[in-house]
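Structures given as structure tokens follow.
Below are two complexes that have chain A in common, paired first with chain B and then with chain C.
The block that comes next holds the complex of A and B.
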């Protein structure tokens, strides 16, 4: 019985709402340095909720429920899932996963522990359309981030009533209504197409509500923000900045900042961190999660507690570690349970983010360190430098040792001597070699194969000789602050910047610099920027399939 | 045979059970300090070799004598000789240990000790402090105590290095002084008391005049020996408790054998009260929480 209802619900909503495809590639533009062209926003787009956003939304809607383990995978584009989110759609397998997830969640949403959170009335019988409508109207607005039309609401109520009648239970019927809401593209996709106004095309208030909340909280808007959207206070309204400030002051902003840096620093990859335990006794399957938490706690500390200069992320000697990480770092644990603050002494070469396991262990192989991976991370993720992918026919394994070569520096030296490799490896190996004092899991070492480690290198021609000097040199590079600004902008808008946004980026850069490179003012500047509030017309592409279906 | 088994299990408790209390000492917080936790503990025993007609055994010269069958001060027990040729090695406990090894499969004793360590019930810790030179320093302070906490174990079934532990609150810290010469640490004798439990039998085992001789290896581990005297009355008492608890007859065998092995602390009649013993250990660097420094 229930499978019939499931498919019925899916078909009704699928047909009535229409799952819309996503837009394709944006040319990789170069932002002009002078003078910027007139502002021209990027094309409109749809963004699929990322897995963390989906899970955060469900928790906000229904409280603590068992969340689905698997959803459609996210795709990282230009370093960010938020950019990939507008280039991905939902596969057939993904549709099945979202359907299963919807029913898994809906079943819990109507149980006694959770239903009082959103069912706003006591049903008068197995079928109580008024009660269902009252509850679904409110739940639907939060789930779809806009008010439901009367037609949509009536469909949802009817789905629930039909199911309740057959199953003999009001709540069992509501389960199908909820599952329908959660399978809808209006829940799974963020509509960011804007609307024509007197002037340039702008995001609607409802779009701005979800744009803001996903940017700053990484979850759906709360009722206050939706109310503000309903009052027309988002976007160009004078009170818009007040709403931005409220979101930044809310505890959920920590969740948002964590989400941003998790994407930027690829911290989600730590779930898959694997090291050879016969070589690295400190490795456990839980190490990756601890390492991620260390980095995120430091970021929280710098951004929210200290409102510090972003460059301190590279130069601070403060960190937050648990017993496992303390053991790996070879320092006393600052807390018996959980994480505690630890300050490395001035004599320590372990400084800032580049001393974290989250970078050192992730950007390395299972058994040996990798100056190349670490160099790519610094160049690409921290400095936003471009590194071309290796040619298809190139062997990317670590070069075999030459006679007399002992250290990894000796081995990768071949990269820099071979003309076919040197062009790219010059961009990364000299950076990564500066971290060779840290082995593949991130533990300090003075020697490799009995030879003292040479950690010298250069950042864009500026020499360094130790890991801490590398950290300070990177922090002092203008590219470092420019990169976090650029990455945050891409994260917020969901696209790689286009030439028409150069003036906006220049303005944000100036504000970021004048703020002392503080992250919260940066996020505020982005939220208030034209690039965040305005949008270009959708690019219409014609599918080459015989059906000739047109999608925005 | 079962009596022997009971005896062996009882004696195994000497190292396999928690609680370490010692007496005396004072500390000065100058110079460097390092802490270690024993990842491996075993019994020093005979190697099966002989040098100059003496059996070679692992142990320490606890009484400063090289005793033979004529030495009344050594209760006429022949001391052993160390693998490096050091004479006067006191480790009569090896006879009892070898008896136990004969009865049990080889490695069973070590396995039980290992489990006790890995489960956090026997975290024997040392802290060496007031050190100005780790190669040569005439006056250092050594604290011996039991750590508390659930340790992490590596794939070789050993404690992971650099873990942080609490100090067991029911086991006061023992402090003594020592010196480091050519990288070898030697401590002054100190009485160590080991509160133990075994098969629901609780007792305190005293290791009298315990000394440590150890050195730092290339990996920064502290590797060495801890020797001391075990009171024969304590062993008898353990036997009696085991008899009562298990309904066996351990005591007659112990009463017969132990007096033939006692070699320390002779009385005016030349009867020794203690049996010398040596524990081997390999300890890895560790930390204790700041607020419970030993």
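The block that comes next holds the complex of A and C.
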């Protein structure tokens, strides 16, 4: 929905600074000069599975099944769906969608192609409670990421037996047991409230199993991880780190890293990428998916094959493109089918992520580029800077262009001259103007309206004059590596960091630096951090106002 | 706010028959024939009126107030008598609604009093909840339910769907909230809405009740899921308990809706299964979304959902707040780099260049208009409002129309979008709520609280509402001039 909601998203960000203007707007870096206060974890919370997590879980449980097209939409909060997941609830429509999804999946789960994967016995008749119980005990533990109580298990078995009797078929009955598992809030929500068994409150082993697997794989734990939880090895235990390392070495870690960067870079919004086809002959509805794949393949290459410095995401000349993208970039297609590696020459100004269609086309209007949208993306998503919304009741039109001005730079220059705009626009426009050599779909151009493009600007006062210099300058700012660290921490824990977590963040930052800014060690140190493993008590407030607006 | 509802009893044939048969629950179902209506055709013969229904029609990016507000105030018909001419011109932007003028109230001069901290979004929240948008860090929180959900809480239990939310663009965007962080996502595919309303579990009046054993089994599953909710809420913080409770409520309501499938369908004469809409709606050759078609299809489906009493509440967002939709209006290209480029609505509200000498000469655009493209887009949007409302007016109910028995509150996210202003907020009300509202007029206030209009609508719906809104947006007074 990017093309309609771009501005909506742009306006939400940065409200934290209110209307104080944009002087000194960039949040103080986490590397504090004074020692941070003692660690104080954020309060316990309940997270809802995101749509990708739900679908990945279903595939893990039942294998290749047709997945529900629609579930409750996820909400992006503080830049991430993972943060939204601990604030949103389930709407009336969402409840309907989850019910429909549960039967769509359960119907397939009990068919002949899928039932042997999880029904562990041959039923002796229409009703076979023992067989149902044996199978549901195992399936239930994986679905709910914890063992089922005997009461819960008995209830599931009874639902299945009752349905089997009514419908005259064991498997038809089991469909209802599976549908119960999948509609249950025990599946849809993650209750990670921790316990105070000995020492400070920390997440239980079962909670850690799902925290780790959702963080690193974006799906439910496998049996090995649940077994480790059952053995108590995921709490305060010497073997914990071994399990983290196993998850990071597993092929599913690629799914996890892709999911993280998809959220951080808003790549999911490429599904709705829209451009004016009469202006951009390269535009097809499939372009967005190709553009996303390019960025994710480069990230996979850098993180898993090269174990590279994160800053190379901005500076590499390597990329992975298909015929569609090659034609847009004006380079030979590296592969006949699908994606292949391509290395841009040293002379190319198309460098790293900021040369990708996924950024250039998404952060633009349907017909024309937008230095403001691109600047917001760099400032907020890559540097974690905040940009306040424009003040109310202020005329927000761009002032009249000066006579003879033809380029977008000339026009947005007026943003920077008007004092009511300049405070905030100088945070975004100078960054975005550095990418003006790329048009609204991401093609290279030397001129605009016949005038040569001036791509100079500055990043926090450090000047650059071309797109590649912009990329190098962004990569060199401390905010750039700080930002991926912070975003990964928010993604892992599901909340924006609280002051009590400064110590753990400082520790993670130090490790990230010492690792040479490599992503897998970053994920590992987050998984090992106090912030990820410990938790505060749930917050109980006494609400004096009645919840009901209307009393019949 | 305390609202008491006059419990409208289950009207209709079935309760009549049940009454005749001494209250025994019998599965008899007949169409609502004229014989069961009273002589004037405004109500059922047993005295039960047609149900009152309510909907919100929302669009993004405001209007141009100086081209929106009609010059003259008061009753349109009385004005005709005075001037001896029919058809008081509404205003340039509202002109296309002329044929609906007796069904509408143009409400002007009211302000959203809840502050405009976040451009656009604060205004929508203030208008529809009567309360300020809460901003915490980078988060925006709608703390209170929107007016449609206040109504749905009262009327939602009578029907198969508590409320319906729809979007005029391919997005789950919606301006319907049930409370803090509980947005009701929109359906944007007419095909999917059609399936949900008129295929899955739908029966026409007079058709047999479902006797599918799966229905009872599905309910037993939901019973178990409700047990799980009760277990889950233990050991949670208060806010998370509230979220789980909300889910619990939704499950219970879903169970009630499934139970209703085992009842006879409601008997409404105008109810019929509409034609199936196309599965896909294509963008045009410039990549613009099919706003006109999607909006009209949604209107037809929602109107028939009301006519079949599948729901009594909707919230429809033609375009999102701050939406950068490229509307399919021809001739709005801007020449840039030698190409005619199309720009989105929001972009134009801030960045539209003044008319060129050529445009003034060739298009007859006023040189002093500014934003003539935005003006054309607002008129296009008003055309979509007309399409939408007309779908409800096209359905007869007794001697009147469906529109006579409902109200649609039409509003947006700003008055002047360039200023994000909250003063003289654009508000339209369509439908008379069975005579409760005084339609066919332009009512102008001098800066009163916009929440008063919402309160009049709630009262017109028969909800005994004491107040609407919170903080600076709260009011205990309606607008008596629009009430009857």
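The criterion applied here is as follows: the second predicted complex is superposed on the first by the 495 of 552 C-alpha atoms of A that agree within 3 Å, B and C clash if a C-alpha of one lies under 4 Å from a C-alpha of the other, contacts with A are read in each partner's own complex, and residues count from 1 in each chain.
By our rule, a residue touches a chain if its C-beta (ideal position, glycine included) is under 8 Å from a C-beta of that chain, and two chains touch if they have at least 3 such contacts.
A quick note: this is a predicted structure, and the numbers were derived from the prediction, not measured.
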Request  = Please work out whether A:499 is in contact with chain B alone, chain C alone, both, or neither, and reply first, second, both or neither.
outcome  = neither
Message = Once chain A of both complexes is superposed, is A:107 in touch with chain B (first), chain C (second), both, or neither?
response = neither
Ask   = Does the superposition put A:200 against chain B (first), chain C (second), both, or neither?
value = neither
Ask   = Which partner, once the models are overlaid, touches more of chain A's residues, chain C or chain B?
value = C
Message = Output check: A:278 vs chain B and chain C. Expected answer is one of first, second, both, neither. What do you get?
response = both
Request  = Pick one for A:330: touches chain B only (first), chain C only (second), both, or neither.
outcome  = first
Request  = Using the superposition on chain A described above, determine whether A:93 touches chain B (first), chain C (second), both, or neither.
outcome  = second
Task = Please identify the positions on chain A that touch both chain B and chain C, taking each partner from its own complex.
result = 277-278
Inquiry  = With touch defined as at the start, can you tell me which chain A residues reach chain B in the complex?
reply    = 277-278, 281-282, 284, 323-324, 326-334, 336
Ask   = Can you list the chain C residues touching chain A in their complex?
value = 1-5, 7, 115-122, 135, 137-140, 144-145, 150, 153-154, 162-163, 165, 169-173, 178-179, 181-185, 187, 192, 196, 213-214, 216-218, 220-222, 224-225, 227-229, 231-232, 235-240, 242-244, 246-247, 250-251, 253-254, 283, 285-287, 289, 319-326, 336-339, 341-344, 346-347, 350-354, 418-422, 463, 465
Note = Residue positions on chain B within touch of chain A in the complex are 149, 152, 154-156, 158, 160-164, 166, 285, 287-290
Key: Of all residues in chain A, those that touch chain C in their complex   = 1, 3-8, 11-16, 18-19, 43-46, 70, 72-73, 75, 77-79, 87-96, 99, 103, 152, 155-156, 159, 162-163, 166-167, 176, 179-180, 183-186, 188-189, 191, 193, 272, 274-279, 283, 365-368, 386, 389-390, 392-398, 400-401, 411, 448-449, 496, 538-543, 547, 549-552
